[in-house]
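Two complexes are shown next, each including chain A; its partner changes from chain B in the first to chain C in the second.
Here is the complex of A and B:
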């Protein structure tokens, strides 16, 4: 096998060195994982943060306002201090259901890593122009907002003199301000929906403060210019979101930025058969951030697109800690020397460590001694399907009676989006009193389908309302979270529904 | 490899000058490279295939569409038969996936029969008429409304620009010269015979000129005083779908044709995408490469009628190309009746890609008949080494490659898994632009459409070509991507006025992130 590249082992491999991956690595190490390796495709850690030179990161997590590079810097240091390793300029080519990662880099060549657990933290990518099929020409000067951000902030080039931005996602809003500060005249931000996609504060600070007009219910209806962009036609849209031709007008510009949506980057996940949620574009995960493939966890924007990096970090912490526990269980199971009890002890120790070092920030998750997993060994294909996707079905093959802690099973409940809810994360939760104890809370993240005012976020199960949370205003651009007391969660055929209803 | 780059008014002596490095001109250059001739291939764009050949359906037609007795019919069937050899020699992706013309009503079954007969007369091998069950059995993705189909096993798909690049490379490897970025400005005649071709940078002295100028073939003819035909461009819009939709169909699916075109097809491209199109719209503007709402709607309505699972939700790219249709019903492949030594290869619309290898052979015959002395080149090597496609190799092969060259370990394009080494190789083979790199390596052709690789490809082009990154273009002059270095506009406005124009002082951006932050009201949080 020498010819097929270098082989190595790690307890936890984290794919992606952005905020989610860094947090997962930190948490995994703190939870006792031995070798934790972050695989990062760029030349530096931090993911997208190094190009986000604006401020506003970390208010929730650190209680202070940082720039992207500063926020990344803190976690890069924490990861190093915690003893996590990193492989830079390394692209993962493949992950397998038996927990191998194949990656390639100029320095290490082709590497195959056998892992105790994998954490997916690949983040998201931008929806390109092609997906919109805007009529017109295909000149130079059209960029997705994030690519433009990289070109301006990392590569140090200016893209043009006059810009129009299509889409009011946050990256586009941030870039409207950034281009203005670089001497570019931003003529307009054009949004097809009747409401802005980005955070309200970004509308204020990036557009209004710079007198940049925002056209809601409008779109770019045509692109002009053969070699370089010469302008765009802008028009209001009708009920079907089609541009109204006779209300079209022309804006001369040489640059068009697109901020028209982010898509969780799940090529690797899909290729290894991880079940994806069409609503989020990311893997279906449990409250421990475990995917449908046992031992593979996911966190951050690869699961669903977050608004705030602080929430990404929280996800990463949960996933990293759970991955460490899974890796420990796998190791014990593989060695054959350990008993279930020994695993519980190991996990308990890990959990205690996490608790001491900031695990308090993590939501619920793998607590001390409470974890039961479906790990059944390390052989290829030996792992049973860990949940069937149906609620209330005992998952795993094991001995099927739900008693074994290692090869055995656990029952997953399902969380479903109800009225005016586009999606919920997690989509599954681990049932059973032993792990839900201690008054721990389960945090559900959700996004509304449509903006609404004076509403209640309602969580219910089996016809019983578990929790009601009032909201003045909800918008698809702002993620909501609701906390549930685990003890109130249903057992048996548990389906929890989250709805947004009027008050 | 990229051939001679002429300096000011350089004089080049050639035996044959070919104008136009589309697939037809490139095929002619490669055919003539079999002989002991000094061949110069002249192209107005900065790279080969940057006209009609890059915006082509990539279908290798079986030959049942063309009227018997026409050049289109005979050259299509001949060209089709040459594709296995040519694709093999040049290492160009090619697959005989079969062509299927479907009838959506009993009225259309008669049209299928006519095409079956027509194909037989044209010499298309293996044609079969299928009933509804047979058709759907061979293509489960077809609509239930399909009542019958005509199947041609020799139909295929090829990558039209890869083919063109490979032809040019092989012509150059066999002694040909390629002059890109060289629009022909005039043709010199002496005593009614061509004497030279002039570009802004060179005069190519030659007694033989092949006019393969595609959309501009009539203008080239007119430069020699020949106004015997006119190019009437016909636009076609195409929409490319994400690979994740899989192979909705195996064969290329055709409707029964209309008066002006073969209709809107569902094409499983050789690269594994589904492509739908093209429309057919006459236009006077030879630069009109716009896509339109109407075209989009027409394409999807037609494609979904035949293959209902085709969806506009899966579009990753759209583009338009111009067919170089002409005032005559058939291809124009003949010596000029006005200027001796000039051979026209014009009006090469569909099935021009398929016919290209046969056209090239025919042009060589015409030149011989007209008096060009052609002696076989002993050293002719028909093989063009395949560029490495890292993504297609086994893990063991990948490991060996990276061990031999670390640049194979640096993935530049994540969607198509293209390495830095492949990009560098593409530039050595002639890529000069971001689009050129894209068409050769597929970097930027995947679902993110260059979002990830663009900055990386720009840097590699800058480094390999020895130009500042601000000079890197998308597809040649005028298409610069990032025209200014950082702060250029701020310095400009600083010198133009002394404050007041902008709220933010020009120096702000030079400061650290912390300083920039101080310029704003602080926010509770911003997005990651």
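Here is the complex of A and C:
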């Protein structure tokens, strides 16, 4: 019964084996991390890419247009070549501030991994029908677009004969084309906003190529059918996005796909007390992709929803490299960890494992370690002796006055969204830092709140403009990036603001 | 933008700006902001082509569908017919990503190749 997987150590544990996690694992190994383990709940690595059979991935990263399975395949191979391990069919139940990962799998049962650093790469999930409150019945035939994609592309299910798609996100547009080529009549794509959610190229190549009508400023106002969907009512919306009843019409269909947004998957992060950004739904991160909990990094769609996988890979590379450095630092100072704190730790860890041995009491057991953290009053107090390197590091939060100490003893500046910017990532930067993957360059990703033309993306600090980048067109569906020379960043209490202003 | 008889309008996908480019019946291009947009619109007007991605059935219970792509763009008007050909295929042998699954679809010279490993 004794299994090697039950209680183990790793330098870097990556949670999630999609493109973000794979890149992080590759980068961590290349940066010298000893044992790097990807924990993945599916039976294979690759995340959502294996079901994205269409082309268009990798133009930026590989310089060629790959399909999802091809893009995933390249990184699965890179991860294996780099010597990263993976634990498949393994579900993480809990992560703790003292860098333990509790997971469960059919093969190993309950597993606890003590880590030098953790990389969160759980991706995102789809916004479900329940979040929309569409009036009407509850018939079969309503799917989120990503679920439909999996059913059609992996499992070979025929969904129906006539479909309507609500929402113009990229997955919905891709599915409009896929269903059309598989012989389904796609009657309409209906979008409540006055602009399309997906990439312009997808509007052209998935809808216009096949003469599929796109109704902007419209919504599905009612669902009809008892056992199976029989049709939907569609209506234009007023300026408060409420359907206008007397302009409603009926579209017969047996299938309704919902492509109405993606939500970063942060249950584990929130339970661990990681500070989240309400604008992104993901952790607040530094330019090294470190969260508010020292030693826990995050990358990809768990941080914010990306529209291109190439950018997810870039995030993952930064996070993996920084996690490797953090793990190395933790290990280096672990030898001198014979402090009272470290002794308390060992006790806490033993208690946690006693709980783990009890099987059903797993969560309580792991919780014991966390409680000790609180009681000893330092973030590193309950750190297992093996990795107590960052002893004394305060696990503070952003304090809103421009500087934060979310990571170690370094001073962090803050990056804030200005006019017509919905969010920025990273939200913090290490002052005087030159890591973060880009050396002297700090890359800020942002998304506009509203579409606009002939604008300038303006980065400023303390009343001084650091960078102006002209843009012909900006749309919320297309993420923007702006590069800043770190030497121009403010020192001391630094607040950097990113705005989109007219030219 | 008004669209005259015989005019052709396409959203350029050469970059994220997404210009609406129109090619008149006399071959004049307008609406583009750069040369790439002009070339894209003319090609789209003259001979639009697309990579077709689809799946073929397999006899493998763990992976009932194998994803495939054409190894080069095929004429847009042949997409439906090509998809039908792929729908009748069934693979019962091990393949690696990049292996040819169906050769020379509809005389286009394009082959459908696997984009994932099977078995």
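Assume the second predicted complex is superposed on the first by the 419 of 503 C-alpha atoms of A that agree within 3 Å, B and C clash if a C-alpha of one lies under 4 Å from a C-alpha of the other, contacts with A are read in each partner's own complex, and residues count from 1 in each chain.
Keep this in mind: a residue touches a chain if its C-beta (ideal position, glycine included) is under 8 Å from a C-beta of that chain, and two chains touch if they have at least 3 such contacts.
On a predicted model such as this, the values are computed, not experimentally measured, just so you know.
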Identify the partner contact of A:236: answer first if only chain B is touched, second if only chain C is, both if each is, neither if none is.
neither
So, A:217: does it touch chain B (first), chain C (second), both, or neither?
neither
What is the contact status of A:55 with respect to chain B (first) and chain C (second): first, second, both, or neither?
both
Which partner chains sit in contact with A:472 here, chain B, chain C, both or neither? Use first/second/both/neither.
second
Quick check on the superposed pair: does A:69 touch chain B, chain C, both, or neither? Answer first, second, both or neither.
both
Which partner does A:156 contact after superposing on A: first (chain B), second (chain C), both, neither?
both
If you stack the two complexes on chain A, which partner ends up touching A:451: first (chain B), second (chain C), both, or neither?
neither
Answer with first, second, both or neither: which of chain B and chain C does A:208 touch in the superposed model?
second
Is chain A touched at more residues by chain B or by chain C?
B
Partner chain in contact with A:140 - chain B first, chain C second, else both or neither:
first
Do chain B and chain C land on any of the same chain A residues, and which?
53-55, 65, 67-70, 154-156, 181-182, 199, 201, 205, 209
Flag every residue of chain B that touches chain A in the complex, lowest number first.
239-240, 244, 287, 289-293, 295-296, 312, 315-319, 395-396, 398-400, 402-403, 406-411, 414-415, 417, 420, 447-452, 454-455, 458-459, 469-470, 473-490, 492-493, 502-504, 506, 508-509, 513-514, 516-517, 520-528
Quick one: which bits of chain C touch chain A in the complex? Just the residue numbers, please.
10-11, 13, 16-18, 33, 50-55, 57, 64-65, 67, 69, 76, 79-80, 83, 87, 97, 115-117
Under the touch definition given earlier, write down the residues of chain A that touch chain C in their complex.
50, 53-55, 65, 67-70, 73, 153-156, 181-182, 199-201, 203-205, 208-209, 472-473, 478
Spell out the part of chain A that touches chain B in their complex, as residue ranges.
3-5, 19, 41, 48-49, 52-57, 59-60, 65, 67-70, 89, 91, 93, 102, 104-110, 112, 125-126, 128-131, 133, 135-141, 143-144, 146-147, 150-152, 154-161, 170-171, 174, 180-184, 198-199, 201-202, 205, 209-210, 222, 226-228, 242, 267, 270, 301, 306-310, 312
